[in-house]
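In the part that follows, the structures are each spelled out as structure tokens.
There are two complexes below, and they share chain A, which is joined by chain B in the first and by chain C in the second.
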Partner chain A sequence: MFGAGGGTSSYEEIEHTDLIVLWGSNARAAHPIFFHHLLKGIDNGARMIAIDPRRTESAAWADLWLGLDVGTDIALANAVGREIIAAGLTDDEFIARATTGFDAYAESVEPYTLDHAADLTGVPAEAIRELAHAYAKAPTAQLCWTLGITEHHNASDNVFALIDLALLTGHVGRYGSGLVPIRGQNNVQGGGDMGALPNKLPGFQDVADDGARRRFEDAWGCAVPAEPGWHLSQMFEAMERGDLRALYVIGENPAQSEADGTRARRALDGLDHLVVQDIFFTATAELADVVLPAGAAWAESEGTVTSSERRVQRVRRVVPPPGNARDDIDILVDLARRLGHDWGQPTAEEVWDELRSLSPIHAGMSYRRLEELGGIQWPCRDEEDPGSRFLHGRLWEDPPRGPKAPFTPVEHDPPKDELTDDYPIRLTTGRHLDSYNTGVQSGRYRSPRRTGGTIDLSPEDAASMGLAAGERARVISRRGSVVAPVRIDRSLRPGLAFMAFHYPEDVDTNRLTLDEWDPKSGTAEFKATAVRIEREP
Partner chain B sequence: MTGRRTVEVDGTAVAIEPGATILDACRAGGVDVPTLCYLETLTPANACRLCSVEVEGSRTLVPACSRIAEDGMVIRTATDRVRHARRMILEFLAVAVDLTTAPELLEAMAVYGADPSRYGTDDGSPRPDAVVDNDLYVRDLDKCVLCYRCVEACGDDAQHTYAITIADRGAAARVATEFDVALPDSACVFCGNCVAVCPTGALMVKTEFDMRVAGTWHEEAQTVTRTVCGYCGVGCNLDVHVQDGAIVKVTSPFDHDVTAGNLCIKGRFGWTHVRAGVDGA
Partner chain C sequence: MDIRLPMAAATVDERRAVDRILGPPTTGWEGGERRRVDGHVATGGHAARARRHLLLPVLHALQDDIGGISDGALGYVCERLTIPPAEAYGVATFYGLLSVSEVSPTVIHLCDDIVCRTSGAKELFTALADAIGPEGSSDGTRTWHRSNCLGQCDAAPAAFVQEAGVGRRVVVRADLDRLAAGPIDGRDPAYAAIGDAVLTARFGAPDPADLDAYRAVGGYRGLRRALEVGPDAVIAIVEAAGLRGRGGAAFPTGRKWRAVADEEATERYVVCNADESEPGTFKDRMLMERDPFSVVEGLTIAGHATGATKGFIYVRGEYPDAEDRLRAAIAAAEAAGYLGDDVLGSGFPFRIEVRRGAGAYICGEETALFESIEGRRGEPRAKPPYPTTVGLFGRPTAVNNVETLAAAVAIVAEVPGAADTKLFCVSGDVDAAGVVEAPFGVTVRELLTVAGSSHPPQAVLFGGAAGRFLAPAEWDVPLGYGPPSPPMGSGAVVAFGPGVDMDDIVQRIAEFFRDESCGQCVPCREGTVRQDETLRRLVAGADERGLLDEIAQVMRDASICGLGQTAAEAVSSAIALGLVGGAR
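Here is the complex of A and B:
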């Protein structure tokens, strides 16, 4: 946010904050050790408010749970913003010194009265009011979220709605107050750091910035396109149009992880050439023309990853890759050589040092310092710089440095997959504690807690459908259907069903989901599918 | 509570910060005090008393791990009375518990001249077998010294799952799940944070347990390499233990502020995909 994509705070801060708002996150299951820090905060006296359609094992720790309907986050956030303004609880000094666009924002949230928002979200007006007053009055507050916010067709707008609340109340840029997106994968933050984004060079430097591009062109001796590339969802559309004919997939299993899996497979099937580089023969690899066996990055290669608190840490080769598997750098360098470019035989550290020479926010992070300090949080601009515990402290300096932070008015826009009489149940997806994504890694250890793929129903819905726990049901969306055993889950309200997506060999959940995606981030709306559920004979 | 204070440890003045314990003062003064139930990341349970010291003016011995040091305190760690207490604590533990996988305690027994045989030899009464009720970790109550570390780690000090506590009293006291059910039927989430803090091997990851049974566990031949977990985006540091080119165990460093030694089930146990399908794994 505010230019560079990364959470503003350190985990340590949630231990010392006054209010924890956990919005669209089941961190207890999906980010268990982050939740340890959160629990320390509760033990130290913080209040916690959870916002989630499900009363998850995370929400069970909250003082207040707002069980909103799936995809109504903006309506809720805007009502919170309106109430903070109406009650005179804004941080006017911060708004004046550090932000722009307040008036337009105030006007945009005006229609979102508590009662109107209660109608849109299903959350009682009094609970929305309590969230607004608690957040505005807390001396410090951490606003945390995960994929419940970002796996929607309007993901970026959801995030803007939350950022607006922090700007209204001055809950950013101070120790204990911040905006905390917890990342789903061990190096999704690092991927962004390294420029694996369609519009960014490493270090979040914009491809449209002539000066930045020239530095990379000088270092690499080639031209860098000034136009943004495609993000993942755009790539799949380009495959369907026939504009994208060859695909090189590294460490990803889109045949099972993409929304609307049937359509995704069709697109992958239609390619002229598919190369998959992975540690296992995944469902995507089965479709490939060439498979390049790679080492497991976290245990069979040297390098760095970046965590959700912007901390760059070293991964190390613990064991050599097995058989013919090779290190990712080794494969890429060899591939470049076959394509006529001799990149030599760089070590991971040499690759990293080149990155440091081009990305100012990583410049001070030598391997030696990463080792000594147990990781460093960016920005870290030189070898004297200890790194940055939290971001945007500049907004509180006198006078504030740098550009002001803009309010971004956003409007409620319900999920694309509409509920109708034929598809009356809202299905949302998420993670189980002991499993991970499509199960490529986590499916290979024996967990006593593993339930396998189930269709989780509220007790009320299960009763009205005449389904008992363990009975098999067919879950049908507008795109496909899967069969799964029924699990009764008291954390669900009537009309809301839940499935994990870890067991695609048995229950391929993403055959159901819709690939309506957010135009800004490219993320699909995994969290909101319309389904009906029938007993499977 | 501001300003440093000074205590005397075995005749030497030691300056300490407010809130420091007697144990902190001893360590700051370079004086070794043995501990068993104490661990930096846990609230002192005051269960074992192995760290007992003499404090001038105190009628009884004082547990160094939990007693806050006061300005001017005179502490003695090596008196006959202290050594005698420690020796008897170790002897009482050793007659009742299998300490074969507790090297630090065995070392302490040698230091304090503990001789459990003076209380008689093993009477042959049945001792509990190790409980193997899941694929991830094993409980051997014959090795348990009831130090409470696992209970604290499962509870308020880290995991907040509260799957285990001490059941019964006296000689029947033991660490148990609710209603003594098997671990897979309990509230346990298999993070293994109890295993990580166990000082005696009463809790042991299954890979280590199996290799010890087979006689193939060779700690001296193992390497430990620090890396970062490959699952979610929290960035937990892992210490990966390798023997003969294969991962045999994963732990987390207690002195790293992200994990403080704790992990989730995926981080601690979800590593078997590395080299899956090769070397007969």
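Here is the complex of A and C:
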């Protein structure tokens, strides 16, 4: 957002902020370390408002929970924006000085009255009003979100709706106030930062930026394409078209993590050549022609990782990879040599130093300084730069440095997998504390907390369907069906069901989900599937 | 939060007991019916967690009405107060008067502590074991347990009886028949005074809850004067009188009030520590039962002096009569304008809330008392910070003993001799056990004479189980604060007659501390257990004096609170005096 893909704030700020808004995030289960920081904030007196279709373990901590219908976040956010404007609670000075496009935004949210939003979202108007006033009046506020916002076909629009609220109220670019997309893997931030994106070079430099591209071309001695490549969802479509014939998968398990799993596996099967580099023999690896066992990134590998607060930290190898497994850099360098490019035998630090010479936001982060300071938050532009606790402080300068932040009007657009009489139940998916994504890393050890794959229903739905806890039910979507035992969950309401996706061997949830993806970000609508549920004889 | 409720549901009666304290649930999220709107909105958070302090009152309601706390009942409590069941279970099991393991219509707590066990308790134990079964057994309607000192040493042996749905009562001079009988035993107060009766002046009143009678003999003159002269002057008066805390720690009262008054704060509290549980001590009970208005007036004066607008009286759960009298006095005081938004038209608001202890000696420690009021296990806090800075609910708080407050009233009301008088509790091998009011400088021998002692005792324990045995030479030392007087403690004098088995008594003291240790810190948790075990070996003939000394030193030096710090005093003194271990 605003050009740089990272959360604006540091973790410590949530410990000292006045208001925490947790929107589309069950951080208690999915981001437990971050949630510790959040709990410290609550302990220090911060109020917390949670917005989530389910009253999750995270929402149970909140002073106020708004249980909106799945996929109605823009309606809610726009109503909050409209109410802030109508109540005269906007930060007019900040808007005038640091933003553009307010008038178009104000016009776009005008139809989203509290009552209209209550109709669209199911949340009582009074609660929406309370959220609006609390957010606008809080001296500092952290607006946090994860996949409840981004695993939708209109993910980017959802994010814009939240950014607009921060711009209305000046809750960005200063200590304690910010926008916090909490990242799911320990280094997914780092992956994007290093350029593992189809349209960005390392350091978020756009491929279309001639100057940046030329610097990389000079350093690497080859041409770099000026057009963006395909993101993951586009790759799958290309596979189906026959335009993508070979795939090299590193540390990802798309055979089980993609929406519409049946379709995804068929596409992978149709490849001429599939190479998988991973620490475990995943379901994707089973489909591969060649498997390259890799060292684990956290004990067997030397390098850096980057967290949700943009902090780059050192990780160190303490044991060598076992058996035939090899370090990722070794594998890539060996492969490059066989493809005709000799990169020598670079150490992790040498690779990092090359990155620093090409990525301005990392330039000052030598290994020595990373060790000295215990990690540094980008941007860190030179060896004197201590790093950046929060971003966009420039918007508070008078006049603000750099481009003003734009309001982006967006419209409510309900989920694509429509609810009908044949598919009347809205299924949403998510995570449990004890398991991790497709269960590759977490399924190998026992946990007393682990429930296994279940279809979670509200007590009312279970009763009306005549299903008791533990009974087997078949969950059917337009794309497939799975069988799972029933679990009764009071955090759900009639018409809303939930499944985790951690147990694809037993309950392959992604057979049900829809891969309708956001054209801007490529993420699929994992959060909104239409299903019906029947007793399984 | 991750609250996983037990599968059992609460019964209608259990819900009613809880709702009587909390009011009925208003949403599906706190145990009410799930309404449509509950699927889209919920509140909680700080507001819900702020009700945590109601946990003990709710658990009391269940114990009082139902006779115990079942899984289902606990689940409903947790749902109402958003407390994880493991935590609520940890609180409930901390307290001796709350039962989660059984629901019993009648529970009998039979005292076998140092005075009762020499006054017939052992025979009663045998009788009850024959009638019902070994300690802890139930015959379907009655369950019985051994109890530490119930504060009824003037009328031993004693029992405390909980009857679900009926009430709680104390039985004194107990026998099997009296245990079975219903209504409260009335008894004449046992007290005497050497010199002027100041604190005991009103003990003979026919109706201690009669406000007019209280006022007729000078009641509320103290508060009136306080309101006239103002907080600063009151503190100066109390400081000048040299009043020291009467609970055992003897901290200067005026200095404590000044410390709280000087704190920059929007909220302050005053707390009356009525958790009197020191074996051999019953003076506070007597004050609360016989002169409850003096406690109420004293706390009001304390509130006015410190700038607190809210006071708590934390009364031990085994004192039902004292609690009833206090509540009656508070109600009468409110009705007459001595409590409320505008006390006696002075503009000073002050209210008092009574909180009931649930059977834990450690809750007499002021910070453990705070924890208990706040709805937690009674585990003391590390000091500093001291209560005058960070106290109840984190606010500046002055904690005062019952007798301290009664003395403060008399001092501010300019009653002659108010600053120099002390209540002593004399019990054990004496003709007439009871409270003896005497000026400082009185001796143990003089106190025993008043109580009627036909022969010199074999041993005298001074200051309760946390005090020590006195050498005969010390029986003639003037008692007061500071040498040559032995430490005052709670002012309890227990005399042990020639026939008493002192090995048994000293072991019983070690058992007491082992039982009452809250378990939080290693020196006390381990030390009290090892002291108990080691003492047994000593009594059996082994020379364990060196080890006992070491244990004593560790507890004294390293325990978090006074319980651990004094747990070895009596045992050490008994060994030094040759009272135990056959070295006589």
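A few remarks follow.
The rule we apply is simple: the second predicted complex is superposed on the first by the 537 of 537 C-alpha atoms of A that agree within 3 Å, B and C clash if a C-alpha of one lies under 4 Å from a C-alpha of the other, contacts with A are read in each partner's own complex, and residues count from 1 in each chain.
Convention: contacts are C-beta pairs under 8 Å (C-beta built on N, C-alpha and C of every residue); 3 or more make two chains touch, one makes a residue touch a chain.
Being a predicted model, the structure only gives us computed values, none of them experimental.
Under the clash rule set out above, the superposition-derived model of chain A with chain B and chain C contains a clash between the two partners. With both structures placed on the common chain, the touch criterion links A:Thr262 to neither chain B nor chain C. Of the two partner chains placed by the overlay, only chain C lies in contact with A:Pro494; chain B stays clear of it. Shared-chain residue A:Leu68: touches chain C; no touch with chain B. Put simply, more of the residues of chain A are touched by B, taking chain B and chain C as the two choices. Once chain A of one complex is fitted onto chain A of the other, the partner contacts of A:Arg47 are limited to chain C, with no touch recorded for chain B.
Residue contacts after overlaying the shared chain place A:Ala127 against chain C, while chain B stays out of touching range. Applying the stated contact rule after C-alpha superposition, one finds that A:Ala60 touches chain C and leaves chain B untouched. After superposition on chain A, the stretch of chain C that runs into chain B among 348-356, 546-554 or 564-572 is 546-554. Residues 28, 42, 45, 47-48, 55, 57, 59-68, 121-124, 127, 458-460, 490, 492-494, 496 of chain A are the ones that touch chain C when the two sit in their complex.
On the side of chain C, the complex with chain A involves touching residues 1-3, 29, 34, 37-47, 82. Note for the complex: chain A touches chain B at residues 11-12, 30-34, 36, 39, 43, 182-189, 279-280, 296-300, 305-309, 311, 313-320, 322-323, 374-375, 433-436, 440-442, 444-449.
Chain B contributes residues 134-136, 156, 158-160, 183-184, 188-191, 225-238, 240, 242, 245-247, 256-260, 262-267, 269-276, 278-279 to its touches with chain A in the complex.
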